[in-house]
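All remarks here apply to the structure that follows.
Should a chain be cited, it is by its letter among A, B, C and D, assigned in written order, with residues numbered from 1 in that chain.
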Amino acid sequence: MPDHATHVPADTKDALAKRLRRIEGQVRGLQKMVDEERYCADILIQIASVQEALRSVGKLLLQNHLTHCVTGAMRSGEPAETKRVVDEIVELWGK
Amino acid sequence: MPDHATHVPADTKDALAKRLRRIEGQVRGLQKMVDEERYCADILIQIASVQEALRSVGKLLLQNHLTHCVTGAMRSGEPAETKRVVDEIVELWGK
Amino acid sequence: MPDHATHVPADTKDALAKRLRRIEGQVRGLQKMVDEERYCADILIQIASVQEALRSVGKLLLQNHLTHCVTGAMRSGEPAETKRVVDEIVELWGK
Amino acid sequence: MPDHATHVPADTKDALAKRLRRIEGQVRGLQKMVDEERYCADILIQIASVQEALRSVGKLLLQNHLTHCVTGAMRSGEPAETKRVVDEIVELWGK
């Protein structure tokens, strides 16, 4: 695996950290809703909102991954490296 | 909306609370991975795992919702009540 | 399983048939795109469009299912019937 | 857009064509189920199966896309080309 520490620009890292803190807050909000026995359908709507927020974080990470790690692997010219990064992404597709 | 507080059995409530605390821990784990600049594909795998855990919480909630709230609404014999709960579930489908 | 033939209103049935014929056409369009070796990302966009169309058909079916079959099962007052329809829907959630 | 016709190996093309023909058959099967007013939950299970088959076709296409088109774009060394293919994939993520 490539030395990864140099591949995440500071602004991307900040954006990811900020979004994940917000998601943590949303999950605590879900706990409170369950504890207060709020209406199930309202909790389900909140869960869908957290799922959407996680998808959004995933997209930002994927963008960074493709732009830096994957580009690096593909430019290396080593077929095994290209195959490795391709298989990783295909495996995650649709999850 | 029906009086909802009586519709969540204690064991379901405990199971939901426990799973959501574990998910909160997973989200903090994601923050740590981002902070340590771990390999993007590994973080993406972790995100998929949190998504799966949230889907599982959603299923437990939906089961409770259908068994209690929806059954109650449908047995009320009021078409507007039935329509309301049906529309809520259809709206959430595929999210 | 209840006598099902009486539970699908004619307009719902027509709408489902019409949408499924359109989806069949979209799938044939995908075959043509593959045969003509069109750009992969364009084919992937078309696949996402078919997925969305199928989700939409699923929503219409679910609405009919909840309004007729599930309401009937829940009003029957038989716990086994209620459990059966609830389990079916929960099983399909998130697929 | 790169000359695309050379990028789809014959065996991948055959596999895609074969799977899409099977999916077309599944969609016709759905029409028959609707026409015969089969039980809604059974039709919903069939729809989920078609969705899964389409996801599988999408994965095969994505694998080909990453291995050929994306690798080519990234090796071109042109930032605009890399950005274009990255944005396309990110846009499709989670759909």
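The rule we apply is simple: a residue touches a chain if its C-beta (ideal position, glycine included) is under 8 Å from a C-beta of that chain, and two chains touch if they have at least 3 such contacts.
Being a predicted model, the structure only gives us computed values, none of them experimental.
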| item | value |
| --- | --- |
| Farthest chain (mean CA position) relative to chain A | C |
| Whole-Å gap between the CA centroids of chain A and chain C | 29 |
| Distance between the centres, which are taken as Cα means, of chain D and chain C, whole angstrom | 19 |
| Centroid distance [mean C-alpha coordinates] between chain D and chain A, Å | 22 |
| Junction residues of chain A - those touching two or more other chains | 55, 58, 62, 85, 89 |
| Chain-level touch network, classified as line, ring, star, complete or other | ring |
| Complete list of chain pairs which touch one another | A-B, A-D, B-C, C-D |
| Residues on chain A engaged by chain D in the complex (per definition of touch) | 55, 58-59, 62-63, 66-67, 70-71, 74-75, 77, 82-83, 85-87, 89-90, 93-94 |
| Partner chain D, residues of chain C touching it in the complex | 1, 4-5, 7-8, 13, 16-17, 20-21, 23-24, 27-28, 30-31, 34-35, 37-41, 43-45, 47-48, 50-52, 54-55, 57-58, 61-62, 64-65, 68-69, 85, 88-89, 92, 95 |
